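One chain, subunit A, links the two complexes that follow: it is found with subunit B in the first and with subunit C in the second.
Presenting the complex of A and B:
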């Protein structure tokens, strides 16, 4: 049986009230007020689609053996690298093995569902036992556009396997159309779209019912057979038309969370699916639709195993951890939409030494430390000589990943001179649970959130961005432990 | 002289060739011992020869004479209103509405009278 064995989600902590956008930019395009309800999730300055995917993947893998993962698929239309596989960065941060299959899926908003489909079909074909699918997007609309209002940042992840399946994959049906509603050229920063009516009436309202009808015909199903139908569509009026056209009751339609997250692009259907699984019951049939350059439909049936899945943060838990981003200009700077002066230190050249990065890739990406096989003392960064003064064994270690262990604040300070788009820079020393001490940046927090001995989690983030060479460089940072924030 | 005003459902897209309009709020403004009906509306141009866009505006049908006194053939409520033709009154009402809506609906500057 192939299907979903676990799910996870991640919504960035910062939420931007859409009326703040309207207040700043409504003068240039006043009709954007129709999209100005609620708030949207905004990635922190040190987050991007890769870090969001890692956070969702970490949530998904809670309680599962990372060493058992046979592949990592990453889906996004805002991947930071065109050449350098983004899925490898995600796999490294999730402490996956080296002998796995990795792939980036992009080029369409249905990339998320296509990646999920590829993973379940790999499992069904017996080519792998366990695959991770991580999807995330941080799309940008130009200032003053409806896209700026609608787009939100989020990630979702699924562990697909043939063991302990909570939602069995039952089948799929796809449509491929070169229907150009939204598009970005190879070097475009911002989304462009064609006319709303065309997208709404010919795109969403036609293709989604077509795809659902195709799947139903293929498997002799009726739309009424599904407990939940998950599909993306940011036009609320069109959602009602689509529901009527397919013949769905309001209870069958999964909420799109547009008013609290926004449309998260390639991740949107998967974010909605993760939310649907939070409330799903054994026997529920779930229909997932991905939209963009056509449609993917995937049909799942929830199993009894869903009751045995350990509680996780998921979409609901992640949504509950929130802070208002009460400054539109800060949003623009964080998303690199406008230049801001961060001081002369910010102009220093950032050299990325790829040979050094390769030598330390597991330490940097996976936060891999080591543990003395003689006395059990854990160390991070990894040591060659055991730091236990009563041991001092040489070269007798086994690797240990510490990224999910958390720690306690040993010391911290804030620095208004350090170059950062979110001053003050806060950094300090963290004692890792079970052993090891490391100096880290603190993020997703204010100075008053921190105290010596307070618990922290580790979060995979952009350590720096080199604009000269377009290099996104990642490392782990400390964030206040989620349970304490919530 | 009174005339009829048909109340559209709030936030519903009233579609036409090339676009639609939406009434996003309707309210009554006390003015000289009477009540002035005004609507906060947005007109969207989606498909036209000259592009896409839109305009937010305030529409003032007139003084309320009889509030939602009947339904029309489409089941929509109808009020009886008295059009405001006096230029001085129009100017004062425009200023009062702008003042009232400034915080809630910034960038809504055009006021049209029936």
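Presenting the complex of A and C:
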């Protein structure tokens, strides 16, 4: 049996009230008031589609053996690299093995569903027993556009495997159209779209029912057979037309969370699916639809095993951890939409030395430290000679990943001098659980949230961005530990 | 059995430029000025110098690498020049090199000069530089010096249960006292007394450190010429000899940064270096025997913690001593009589020699009444370079014959 064995979600902590956008930019395009309800999730200055995907993947893998993962697929239309496989960064951060299959899926908003489809088919074909699919997007609309209102940042992840399947993969049906409703050229920063009415009426409202009908015909199903139908469409009026056209009752339709997250692009259907699985019951048939340059439809049936999956943060838990981003200008600076001066200190050149990065690949991406086999002392970064002064054994170590161990705050500060687009820079020493100490940047917190001995988790983040060479460099930061959300 | 260098080396002459934002000076100007003053004080000729040590720290904005700068700038006669770089101990390291050479009998007369030109970066604070190597820069926090040292306060508060408010008041007194002293010193960079209120209310740089908790970033140079006590006595028969009683260095072992046996509330290096220095100098009760100190107050919290690491204040007792005026100019052990890094300024590799310059002149009774320490016996200097988790500490103890 091939299907989903676990799911995870990640919504960034910051939420931007859409009226803030309207208040700043409504003057240039007053019609955006029609989209100015609710809030959208906004990635922190040190987050992007890769880090969102890792956060969702980490949530998904809680309680699972990372060494059993045979492949990592990453789906996004806002991948930081065109060349350098983004999925390998995600795989490294998830401390997956080396002998795995990795791929980036992009180019279309249905990249998320296509990645999931590719993964379940690999399992079904017997080519792998366990695959990770991590999708995330951080699309940008120009200031004053409806896209700026609608797009939100989010990630979702699925562990697809052949055992302990909670939602069995039953079949799929796809459509491919060169229908250019939205597009970005190779060097574009912002989304560009054709007329709304055309996208709404010919795109969403035609293609989604067409794809659902295709799947139903292929597997002799009726739309009424599905407990939940998950499809993206940011035109709320059109959703009703689509439901009617397919023949869905309101209870069958998965909510799109547009008012609390926004449309998360290639991740959107998967974010909605992760949410649907939180409430799914054994026997439920779930239909997943991806839209963009055509459609993917995937059909799942929930199994008894869903009751055995340990509760995870998921979309609901992640949504509950929120802070208002009460400053539109800050959003613009964080997303690099406008240039802001962070001081000349921040202009000092920093080279990324790739041969050095490679030698320390697991140490940096996976936060791999080591543990002395003589005395058991754990350390990060890994030591060459045991740091325990009563041991000092040379080269007797086994690797140990500390990224999911968390720790306790040892000392901390909040620094107004350090150059950052999000001052003050907060950082400190953290005592790693099971031993060792490491000095890290802190993120997703304010000074008031910190105290010596308080628990922290580690979160994979953008360490720095080198604008001169277009390098996104990643490492781990400390964040205040978040209580498990039931 | 090694015995150290107590009483084996005497200071023949010293010089120190005015510290400050020396927009008018290159490193060369500063070095020449310190050198000429030192030579004059020593009463010797340039050609009498047989070897030289040059301290400088920031390659990026400074004089570059190697010893050539000093040979070429001073036109030294093809003698050995060795550049020492060991963070903020670079100046004391240069001095130590010269002293060890003399104590070993390798040379009769040696020069140590520390110079640092910091004010060509275009921004405040120290220059950004990968001080701990490329790997560390890759994973280390986006940190500055004030933020690294500020963490002593949170760890200290947690260890001793001293409230942050009391620490804040004590470190404000540290800076208040140094401003009082610096105001009287014509060579000091910052010469304005400031009130406790000004210090306490100043904008935060790195919690809990405010603007006045941070030392001056300055340009400057200082130099010393050392020789054997025998030669010094011959050259200066009418002057008491200032002798080196102890010179000790301790460098972090990596336990502070990676192991869990350090409390974060002080400096493991200073504790070790102090113990060794007291042994070398024959001091058994530092609180009673040390007459005055110039310590590394890069930040007020550093001075605060150092008072305990040097065993002058008892563990957990620094705040009480500081607030009682124990370290004020008229207190029992005046600390920073020249204004310290706080007000005299901190051109990194010059600072260690500047501290010795202060002790040397205090011991010789050369300063005016209003900033003279009464009847000093032992003067202690202390540098702390790097960050609390990985650093170098140098301690010097000086006394009259």
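Going forward, the second predicted complex is superposed on the first by the 482 of 486 C-alpha atoms of A that agree within 3 Å, B and C clash if a C-alpha of one lies under 4 Å from a C-alpha of the other, contacts with A are read in each partner's own complex, and residues count from 1 in each chain.
One rule holds in what follows: a residue touches a chain if its C-beta (ideal position, glycine included) is under 8 Å from a C-beta of that chain, and two chains touch if they have at least 3 such contacts.
Predicted, not measured: the structure shown is a model, and the values here were computed from it.
Legend: residue contacts after superposition of the two complexes on their common chain; A:195 is shown touching subunit B, with no touch to subunit C.
Contact comparison for subunit A: of subunit B and subunit C, C touches the greater number of residues. After overlaying the two complexes on the shared chain, residue contacts for A:357 are found with subunit C alone; subunit B is out of touch.
Of the two partner chains placed around the shared chain by superposition, subunit B is the only one that A:33 touches, whereas subunit C remains out of contact.
Using the contact criterion defined above for the overlaid structures, shared-chain residue A:97 touches neither subunit B nor subunit C, since it reaches no partner. Applying the stated touch rule to the two superposed structures, the subunit B and subunit C interfaces on subunit A have no residue in common.
Interface residues of subunit B facing subunit A in the complex, by the touch rule stated above, are 13, 19, 22, 24, 42-44, 46-47, 52-56, 105-108. Subunit A makes touch with subunit B in their complex at residues 22-23, 26-27, 29-31, 33-34, 195-198, 237. Residues of subunit A that touch subunit C in their complex: 343-345, 348, 350-353, 356-357, 360, 363-364, 377, 379-381, 383, 387-389, 410-420, 424-425, 427-429, 431, 435-441, 447, 452-453, 463-464, 473, 475.
The touching residues of subunit C, counted against subunit A in their complex, run 121-125, 127-128, 134-135, 137-144, 146-148, 150-152, 154-155, 157-158, 203-207, 253-255, 257-261, 264, 389.
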